[in-house]
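For clarity, chains are labelled A, B, C and D in written order, and residue numbers in each chain start from 1.
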Amino acid sequence: MGLSRLDNLYRQMILEHAAHPHHHGTLENAEHQLELRNPTCGDVLTVQVAMKEDKVSDVAFSGSGCTISQASASMMTDEVIGKTPAQIEQMVMTFSKMVTGDSKDNIDDILGDAAILEGVAQFPARIKCAMLAWKAIYQVIENSNDESSIGLMRHDEL
Amino acid sequence: MGLSRLDNLYRQMILEHAAHPHHHGTLENAEHQLELRNPTCGDVLTVQVAMKEDKVSDVAFSGSGCTISQASASMMTDEVIGKTPAQIEQMVMTFSKMVTGDSKDNIDDILGDAAILEGVAQFPARIKCAMLAWKAIYQVIENSNDESSIGLMRHDEL
Amino acid sequence: MVKKMNKQLIEDFPILDQKVNDERLVYLDNAATTQKPRAVIEAVANYYYHDNANVHRGVHTLAERATAQFEGVRKKVAHFINAPSEQEIIYTKGTTEALNWVAASYGRTFVKPGDEIVISYMEHHSNLVPWQILAKKNGATLKYIDLLSDGQLDIESAKKQITDKTAIVSVAHASNVLGVINPVAELAKIAHKHGAIMVVDGAQSTPHMKIDVQALDIDFFAFSGHKLMAPTGIGILWGKSELLEQMPPLEFGGEMIDWVQLQETTFKKAPWKFEGGTQNIAGVVGLGAAIDYLESIGMEKIESYEKSLIASILPELLKITGLEIYGPLDPAKRTGIISFNLKGLHPHDVATALDMEGVAIRAGHHCAQPLMEYLNVAATARASFYLYNTIEDGQRLVEAIRATKEFFKNGIV
Amino acid sequence: MVKKMNKQLIEDFPILDQKVNDERLVYLDNAATTQKPRAVIEAVANYYYHDNANVHRGVHTLAERATAQFEGVRKKVAHFINAPSEQEIIYTKGTTEALNWVAASYGRTFVKPGDEIVISYMEHHSNLVPWQILAKKNGATLKYIDLLSDGQLDIESAKKQITDKTAIVSVAHASNVLGVINPVAELAKIAHKHGAIMVVDGAQSTPHMKIDVQALDIDFFAFSGHKLMAPTGIGILWGKSELLEQMPPLEFGGEMIDWVQLQETTFKKAPWKFEGGTQNIAGVVGLGAAIDYLESIGMEKIESYEKSLIASILPELLKITGLEIYGPLDPAKRTGIISFNLKGLHPHDVATALDMEGVAIRAGHHCAQPLMEYLNVAATARASFYLYNTIEDGQRLVEAIRATKEFFKNGIV
């Protein structure tokens, strides 16, 4: 079988996102920011958010990482713009269930293009990579009363 | 087989020594004294020694213990009186080798009646019991420059 | 039923099918360590034959399999003792390490000069010396709860010893000498009323009865795998997460670490922050198999079987003149541990004689020297039963004791 | 010869005879943990099937058998690393616990404010964080020895960092990332000249070469069983007896105790004073079997086989464009650990791809975050070889890396 099974994980769209990530960089008008580390591999990811009328108006991410974490971050940024904190919370939960193989209910509706990361469920070691950016946006939203915050990703959470 | 094998350990002479130990009690003219504990079973044994012209002139032991430790102490006291420190050292070494199954060379010559404890070698769990008194006299002799000393038996020594 | 359950069971324990000194082995040293069913031994072997890898950090297939098993057992243990979350389940080497960690981490952090630590006279050294050392380090006082004349914990004494100065109460759930079961839920209430935490040494209870740390309403609970059919080298510390979160880790390196810089390090959260270095992964797998085995029978059933066993053996032992039994005689109040002495005979001699009859018991102070002093004995003999022991095993014990008396009759008086 | 030795050997490791993702497993994660030969797995099982009992205090036959095996392995380990006495061999959970004990017992007792502790930039967190914590507690300074550009330890930097203020020097005998072997005998000389003690983390050397702690003239040496074909949950701390005698124990209870009174306790002497609670007895038995297995082949032969293996694989890897290897390229200077990165690909992606090809490697910071920073990489991929790996395994690695490059060619640049 060999590498052919990799196609389930590294779908073309994922490779493209990783090679040319969307919203990569920094925001000038960032109101909230969070840096997360994945202690397993040393990846650091910073997510910045601007809000308008209780919705995410802009988002950016920076930092290096593997194909999965970069693509996941890129897709996340595409999907969260214009969403309310409650909607984002639901997205993160849905994404988490999808990549841990718990449930695929409504993934296309709720996650949009990011539903393509469904294949991660077959690669348990990579769940953390896929989750990193979603975990970050979740914590940003949770802490959005604070001006800025810094946190540590732990492999055991979510 | 059952208890018949016990005869190898509990020879009649041993049972008699244990029931009616020799030199059991305390010395009035004790010059050296040592208390040893066997941490495995809680036995405490005190050995007292009086010396004359660099020989053991009198010896006594007190404390409770199992049949083997009491009998061994009783036999030890019989054998060491009149002996020099060097002789006693040799006796202890010979006794140790005998009960650990290392060597039976000259046990009758060197140990006298105490050679009957030879059977202990087949009961490894009881070696410490048999050794306690011999270990005590050895330490008394070694420390005989001090006025009095107290020490702890450790199962790992000798 | 009891008899049938047992006949099938014994076949699961190949070690019991052997002769010792030409007699069929009767293993009655279960309070020291228990035998392992084939299912546990094979779970460990199969782990090595198929899945062995280091856990957590691996990306490859074996590492994922090993990690899933390793973390899966945490869930199983949480369920086994009814802990609210598997994140409160810390892997340790055994009860001793678990209790030491509570003393060294929680204790050294929170016990203040003048505080009191309360234990009982029946504690195993592992639930005594760590508190002695802690008391010395932090300037606290170590106090002891008295026992009633039948060996039960004196609850009136507990009420006196536990005061507003008390920081920690730590007591064995079941004694490894007296076999008595202690009222830890009641003690926990008293402790909490005074603002103290309640630590429970579950080494001798967990193998024999259903544990529910929430129903007991305690704060820490420790037990050893090897005493409940699991491999050696694995044990559990359970603690309330509010407490675990406040405790500093004690062993540094490996998976417990979050982020290391040259002069600073941050740690993971509990339970991982306590698990420094590569853990006893195969031991964890074996612990999971042992819990499966015990639960397939049912802890309630195990408890009632052992009680019926003791109920049938105790009267036979009591018929032996010159035999003294320590601890309460009511089987409802005790586990399958029977400590005794034969008048005029040292327990070491008794144990050697019984070994010649193929009956394996222990003799000594059982790591409970203060209790020996309290009972005013140098040592005791101890027969301890488990699930795979039968009424015949009890009869063999009784016969061997009788034969021993006979043998020594003409020796010492 | 090398080839033949290996063909026979592989049959001793049933786990290697399996398919992973439909490909024959090539296990190259030996620096994380090693596979166990049948002889070790069966030694553990046989212990449980025939001899299992708690050690030391038992009077009965099984307890004697278990104790004889348990203490017998101590002798075996002493011989294996050429320790002067088996009483200097302390059983631990693994390297991490062993190093932590040196830091917490020797370190906290003897390191004074203003003292310096010297380690290197290539240390595993287990040989780094305990010293960081010790330095903080005791008011000492933690200093780092530089590396040369090829990853070797810079001995000139060592001479500068180690001064009369130095109390402890602690360095890995072999790096778990760079594969480089460090000149610990030379470091020990420098350390001793300045009155410091020399601690050696032998986790990655002991499995692969003959260890002689007396020839190295060091003071403490630590290694893990699971990295040399022994079970998980057992490791060794060796220390000079003069030092061990001065060190306080850290875990209290069980066989480490000499005598307990209500408020005072005395301890046994080393090694027992460090071994609180029931030990991983089956793990010790398995360690003995692993040492027997390794010695039946011969550590010199193992070392030379692995060197020849690396010598044949390294050039093949170097031919792959875009592949960077960390550490010296001379096989004489390294063990069977090869850390690498593929340009433009994250090591996690590489490891996942290789896993699809049945090749198990590790990716990450390998518990050496300061080294990653020093190398200026986020992480590396790491293939680590052992005795049972073959030249074909190396070829499979090379092919899988080539296929991975191909797969991602059109993805990220």
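Assume contacts are C-beta pairs under 8 Å (C-beta built on N, C-alpha and C of every residue); 3 or more make two chains touch, one makes a residue touch a chain.
Worth saying up front: this structure is predicted, and the values here are computed from it rather than measured.
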Check every other chain and keep only those touching both chain C and chain D; list them. A, B
Could you work out which chain's C-alpha centre is the most distant one from the centre of chain D? B
Chain A and chain C: spacing of chain centres that average the CA atoms, whole Å: 46
Taking each chain's centre as the mean of its CA atoms, chain A sits from chain D at a distance in Å of 37
Between the Cα centroids of chain A and chain B the separation in whole angstrom comes to 76
Please output the residue numbers of chain B that touch at least 2 other chains, ranges allowed. 39-40, 125-126
Per-residue overlap in chain C, given as positions that touch at least 2 other chains: 21, 57-60, 63, 257, 259, 348, 351-352, 355, 363-364, 369
What is the shape of the graph in which nodes denote protein chains and edges denote touching chain pairs (line, ring, star, complete, other)? other
State which pairs of chains touch, listing all of them. A-C, A-D, B-C, B-D, C-D
Contacts from chain D onto chain A in the complex sit at residues 21-23, 345-349, 351-353, 355-358, 363-365, 369, 372, 378-379, 403-404, 407-408, 410-413
Of chain D, residues touching chain B in the complex: 56-60, 63-64, 68, 87, 257-259, 266, 268-269, 272
Residue numbers of chain D touching chain C in their complex, please. 14-15, 18, 20-21, 25, 27, 29, 32-33, 35-36, 40-42, 44-45, 48-54, 57-63, 93-97, 99-100, 104, 124-130, 132-133, 142, 144, 224, 226, 231-234, 250-254, 257, 259-265, 276-283, 348, 351-352, 354-355, 359-364, 367, 369-370, 373
For chain B, which residues are in contact with chain C within the complex? 1-3, 5-6, 9-10, 15-16, 18-19, 39-44, 64-68, 123, 125-126, 129
Using the touch definition up top, name the residues of chain A that touch chain C in the complex. 37, 39-40, 124-126, 152, 154-156
